[in-house]
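Sharing a structure below in structure tokens format, with a few things to ask.
To keep things simple, chains are lettered A, B, C, D, E, F and G as they appear, and every chain counts its residues starting from 1.
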Amino acid sequence: MFVPPERAGYDRTPVMYDPRGRILQILYARRAVSQGTPSCGILFKDGALVAGKRKMTALLMPNRKVFQIDEYIVATFAGYSSDGIFLVELARDQAATLRFVYGSEKPDVYLIARYVSSIMHQATLYAGLRPLGVSIIIAGSDLSGPKLYFNDPGGSTVAWRAGIIGRNAPAGEEFLMSIFKEKKQNSISFEDAIKYAIAAISISSGSPPSPEEIEVGYVMVDKPAVITTADASNIKTLYEEGINLFNEWKAKYKKHGESEEEEESEEEEEGE
Amino acid sequence: MFVPPERAGYDRTPVMYDPRGRILQILYARRAVSQGTPSCGILFKDGALVAGKRKMTALLMPNRKVFQIDEYIVATFAGYSSDGIFLVELARDQAATLRFVYGSEKPDVYLIARYVSSIMHQATLYAGLRPLGVSIIIAGSDLSGPKLYFNDPGGSTVAWRAGIIGRNAPAGEEFLMSIFKEKKQNSISFEDAIKYAIAAISISSGSPPSPEEIEVGYVMVDKPAVITTADASNIKTLYEEGINLFNEWKAKYKKHGESEEEEESEEEEEGE
Amino acid sequence: MFVPPERAGYDRTPVMYDPRGRILQILYARRAVSQGTPSCGILFKDGALVAGKRKMTALLMPNRKVFQIDEYIVATFAGYSSDGIFLVELARDQAATLRFVYGSEKPDVYLIARYVSSIMHQATLYAGLRPLGVSIIIAGSDLSGPKLYFNDPGGSTVAWRAGIIGRNAPAGEEFLMSIFKEKKQNSISFEDAIKYAIAAISISSGSPPSPEEIEVGYVMVDKPAVITTADASNIKTLYEEGINLFNEWKAKYKKHGESEEEEESEEEEEGE
Amino acid sequence: MFVPPERAGYDRTPVMYDPRGRILQILYARRAVSQGTPSCGILFKDGALVAGKRKMTALLMPNRKVFQIDEYIVATFAGYSSDGIFLVELARDQAATLRFVYGSEKPDVYLIARYVSSIMHQATLYAGLRPLGVSIIIAGSDLSGPKLYFNDPGGSTVAWRAGIIGRNAPAGEEFLMSIFKEKKQNSISFEDAIKYAIAAISISSGSPPSPEEIEVGYVMVDKPAVITTADASNIKTLYEEGINLFNEWKAKYKKHGESEEEEESEEEEEGE
Amino acid sequence: MFVPPERAGYDRTPVMYDPRGRILQILYARRAVSQGTPSCGILFKDGALVAGKRKMTALLMPNRKVFQIDEYIVATFAGYSSDGIFLVELARDQAATLRFVYGSEKPDVYLIARYVSSIMHQATLYAGLRPLGVSIIIAGSDLSGPKLYFNDPGGSTVAWRAGIIGRNAPAGEEFLMSIFKEKKQNSISFEDAIKYAIAAISISSGSPPSPEEIEVGYVMVDKPAVITTADASNIKTLYEEGINLFNEWKAKYKKHGESEEEEESEEEEEGE
Amino acid sequence: MFVPPERAGYDRTPVMYDPRGRILQILYARRAVSQGTPSCGILFKDGALVAGKRKMTALLMPNRKVFQIDEYIVATFAGYSSDGIFLVELARDQAATLRFVYGSEKPDVYLIARYVSSIMHQATLYAGLRPLGVSIIIAGSDLSGPKLYFNDPGGSTVAWRAGIIGRNAPAGEEFLMSIFKEKKQNSISFEDAIKYAIAAISISSGSPPSPEEIEVGYVMVDKPAVITTADASNIKTLYEEGINLFNEWKAKYKKHGESEEEEESEEEEEGE
Amino acid sequence: MFVPPERAGYDRTPVMYDPRGRILQILYARRAVSQGTPSCGILFKDGALVAGKRKMTALLMPNRKVFQIDEYIVATFAGYSSDGIFLVELARDQAATLRFVYGSEKPDVYLIARYVSSIMHQATLYAGLRPLGVSIIIAGSDLSGPKLYFNDPGGSTVAWRAGIIGRNAPAGEEFLMSIFKEKKQNSISFEDAIKYAIAAISISSGSPPSPEEIEVGYVMVDKPAVITTADASNIKTLYEEGINLFNEWKAKYKKHGESEEEEESEEEEEGE
């Protein structure tokens, strides 16, 4: 890999801008995210879900890809798993704190997502730390309905309708975009959301994972979160329909290479 | 991009001057600001407003560009959004503190803007931190009338009549300058201000954003702040008039490229 | 050894990503692990075991390779022994704390493994520290049955069915994989597990260690942990059967060189 | 700009001397000062004044160049405005403290100037800080009469009869020198001082600023400080006379370029 | 001495791995140890001893090479003497603490050795410290019998049967190995141990030291430690026998050069 | 200026020796001293004095070169004036403390000089600080008679009979040496001392300063310190005699260039 | 001076070993010692002495080379005088503390020497400090008789019979060695010791110092320490005899150059 000379030295800590105003260590941390297995999140009419592909080998116990944060909140992440677990535990602590402080049965999902992102932001403000190499998607339901948030290594929290992170995410994102351009949130059912998630994950993975490899966490309004795999009885047929969507999409776009212009587009997203 | 050899090394931390007396990390942080979507602020006869273009895609929930700081104060920013939210939250805390300490119903806008800029200034004084990569515009109304302040990554607070920040800001600034050279503050109505803001944002954006893409926050003397989008009933026709201004301006200046002399001009502004 | 120029400088601290999103100091710490004598762990029907080859010379007292953490928990490690002992002592402290706090007779094995990995993770978050150069395998039995966890220098905890670490670990792993692909946990008896462990360690060692060189620690459900060597009366014949497995495997794969693609595969495992 | 090789590296922090005994970061901070708009201070028979040119554009609210420190003390600065405001606020705090501690109605001007310079000095003593990029002129009246002090980025406080700082200061200084060589302090009236200040600022600016651009702060013995612009009724005609002085001076010295030998002369001033 | 380019930079602090997973500063600290005068330790049937060659010149008072730690514990070291004394004093403090805390008459030797090694380990974990440039051998007797421990600059504690450190240690080690391969601990008497120690030290020294140059510390079970020189009445004849062993060995191996492969072998020992 | 390559890098902080055992940052700090205006100190029969040349221009208020520390103690310095004032204030604090603690009317001069030098020494012991760029001469009278001390940037305190510091000090020193070689302290009267001081300062300055430019501080046994300029009635004629001495000396040594071998001689003085 | 490339970089802080296991900053600090004026220490039958050559010029008050630490303890040092005084004051504090804590009239000399060396050792353990550039010789008498200790910049304390430090110390050491090889401590009288000290100092100085230049401090058993110069009545004739010894020695060794192999020999002494 070629490193252009003008970059040398600007990418040593998160407390240094390069001459173009970029914080390169944050861009690099995003590269760690883009090497994780795909994870996605979708907000639908009466709930929100996260789903991801988990790593399975004969020597591993089933590896978790979706984590319970609170009775009504779940999360998934892509990137360095030890950074991810670190954030999941912080989110759980914050949920417990909110329950205690506000006496609420349903902690506010934004407050939890924002707490986690503020920790991620701190890690970009001080020399001697590194940005966390993980993005996290938090789905939940609180007093004002279903919620879906995405936290980036740079420390921002964005409210999503849908999205996908990890290896080859732009491919899955293109599929989701084609769906959501057409549809309002209210017109997306739980069943649709599952199918779209499975299709998007399959597209980013390049080939459909087995039902056991896909872990899904969802929260319906007023019902506690459920974490399961795609071979659960209520998801099995949806899995198959998702795979069909994958096949249709693949048929349409025979050749769909990973775009290598990432960096430029990341920069675009930076400013707000 | 070419980095002249005499600069090498002077741009590593905010606690280092280069041989010309510049703090390069602050200049670079300003480059982060100049890559954000345009935001502007205008002081008018009986109030002040901020407005900005928000990012919208089918996959995102509507993205905030204007933030409420207090009942009578709003703000917008351009640059790294995680740094911006960090400052917005500090401003909110300070507003709450001022209400508590002074028992005032309307916190002093300058005190809030200055508090935020002093935090931004601290980040330029210590090794191991980085200047915040964001500029923030704060509009409000307090006991002495409407106010508009601009905070820069270097840590200064400037009282504005009007201004614009973010990508291609000099283009919108040229438009605002042409207006304000001619007019006193008293002669600018709320309706004028909205139109000018929409025109300036469109000019910096290169093309007119849709009404939904423009978020506006305004404070009229003695009335609580309002945050809305340009498709609100009382703004819709003003939006159209703003777009007309944009088209007239564009017609006058057929070719209006982004000036690349920024750095020199930044330097000019540095000394006071 | 050739160091590609683009890597120079990115591998100085654990708080720096390289342009590909890798934390090179963690990769290097894993290299320290891959130079230790082989250690393995296996989860079986009604228990879990760890085993390792210990260094023996005429001038050393028998060197420990397996450590007692709690009445029902044992551990082994590969890598820098002083880092390993440091973690073993932390694990013992945590086990004692859990007994005290929860009044439980059997501390939760995951909580201990996770506590240790959170310490290992901290060492990857701050400049001025180094990742610990050791991986640790923890086997135990708690209220929900037998458990086997693996902690990596990066700070992650993974639940294993079986695995091997240390010098030439991929060779032993290939053997274990061939077994576990075929078998469910329930179908693996204590006796099987011992045999597989001895065969895997022999394969990674290149030749069968003597029974005295192999230290084994195992926990059967509801029985306190036992730490012994392979010449113990109940293991001696299993040792011979393990050596037979080794010989069969060796016969099958006459030439089985150490794969030098490690780094790439490590990267693969990084993202989740 | 050419950087002589022997300087490389000695100019990274304020806690490093170069082989000639210079602290280069302090010299560079002075360069930031020498890029600000001109500010001057003059001590006269029964008072002291500061004056400066403020930046005015149609888009800015009138920008302050003179700041009230206490009822009897004013200040102006040149250089980084955020550093300047930081010092102005410290000076105000110290004035309030002195009033409180000594119960004096008129705080000692030297104690305030010295307090500010001791903060500026601290910033040259520790690695991890930067010298403040600003010089400040403090004029006031206390129990022992009118006072005028100048603080430099190096942390020294000097009692002035008159002086000018900022862009092209040596040109204005030459003018002031020509006046003060001839006159005792007692022979300089308030009216003279205003005229000299306006002439000096005009000389350093290269052309006369408009009356609105010149902000003046003055303290007459036993009268509270006044801050105003040069179009105030009692200053307007003095402004015109100052411009006349400027024109005479310009006529005498047709060609008066900015001297580029600054650095050498700075060095001269260093030792005491 | 040639420094291979790929090593440059990885050997600056103990908190940095090189690309092969080595901590070079620890290797270098071991080089400091290998330049000290030889010290050895031997565990025998009913006790343990340490012995070393002390430096003697007409201008020095007899230099200590063996140190009393507790009534039943002695120690010797090789390497930087100021680091060694620092550790000896820590060991003494810990022994006193253990006596106080446990009320035991005989502190546990392992706890003392481990306490010292944990301090040595800390010095390899933080930037801003250096590994201690000393190895220490601790011999003692506690409630479970005689003990012999060796602590390395890396921070590990190893239980020894016998060993030698310092200049040309591998030569003496080869001799000890030839003895201990043949003999069980129980078959080694105090008299044997003294002879072997004197022979090993002579072999590593290249020539036999005088009896006054050899300091010996030994602990017999249930008897307080004795520190003496080899010209003590009960050791004198053993000294002669040790010198005879040295001569026999030298006769067998006429040419016995210092092996220069140290580094590789150190690496071997690293992993566990 | 040529920087010999072997020096590069050893001169970055005061906590680094170069291969010749020198602390280069201290040498550089001495260069800052050797660029100040000359200051001298002389111990005479019944008192001690300091004197120095002060900078005077039409635009400055008379600049202090001699400072009162206590009723019976005065000081002068050469080098960075902000460092000098910092030390003068520390000396004043210490004098006040000694008066308070010991209830003495005349604080011990050595204790004050040593306190100041211990602060200067601290600044040579820690990374992140810089040696103070100033030398200070303290003259006073205490219970055991008149005293004269000199403090160097390295942190030492030396008792002087006489000496001179600042620009071209060796020239003035040569003159003083020629006097003091011949005379005992008891044979030097106040009048002699003043003359010698004025001559020495004139010699180092290259030409005689005006009487107003020379500030003198002296303490006669049992009389409070006096600070004045050389045009005071009791000094005026002594000034003239001093100038005569200067002229005689100049006549003797027509050509007396500044020696450029300073560095070597500094080194000589280093060791003690 | 040539700096071999492999050394570059290893000599920046005391917390870095070079590849040969040396701490170069300590070696460099010893070079500072070897540039001081010679100091020596001798233990004799019923006491101990230190002596050194002090710097005298017409402009200095007699410079101290020997320092009283306690009623029964004296010290001298060679190297950076400000580091030396710093240690002398620490030694005095420790002596006072010991008197207070133990109520002893004669503090233990070793405890004081060791306290000082532990401070010197700390300065070699932490980045951000520098080894102290001074060696100190402490002579005293306590309850167990006369004592003589030498502390090195590396932080070790060595009990001496006799020794000399400072410029050209090996020459004086060779002389002392020739004496002490022949004589037991008991056979050396106070008179002998003085003579040897004067001869050794003269040999290292290259020529005999004047009696006033030699300062001597001695402690006879049960008598308080005496500090005097060599022109004291009881030393004057011994001085002459010492000079005779110097002349004899010089006659024997006509040509006796300073050995330039220092570094190697220092290394030899390092390991213990």
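One rule holds for everything that comes next: contacts are C-beta pairs under 8 Å (C-beta built on N, C-alpha and C of every residue); 3 or more make two chains touch, one makes a residue touch a chain.
What you see is a predicted model; the values in this text were computed from it and never measured.
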| item | value |
| --- | --- |
| Whole-Å gap between the CA centroids of chain B and chain G | 69 |
| Centre distance in Å when chain A and chain E are each reduced to the mean of their C-alpha atoms | 56 |
| Intercentroid distance (Cα basis), chain G paired with chain E, Å | 31 |
| Junction residues of chain B, two or more chains touched | 127-128 |
| Pairwise touch network: line, ring, star, complete, or other | ring |
| Cyclic ordering of chains (reference chain B, direction chain D) | B, D, F, G, E, C, A |
| Chain A residues touching chain C - in the complex, by the definition given at the top | 1-3, 8, 11-13, 24-25, 28-37, 55, 57-61, 63, 65, 77-86, 123, 127-131, 133, 166-167 |
| Touch list for chain C against partner chain A, complex | 5-6, 9-10, 14-23, 43, 114, 117-118, 120-121, 124-128, 148, 152, 154-163, 173, 176-177, 180-181, 267, 269-272 |
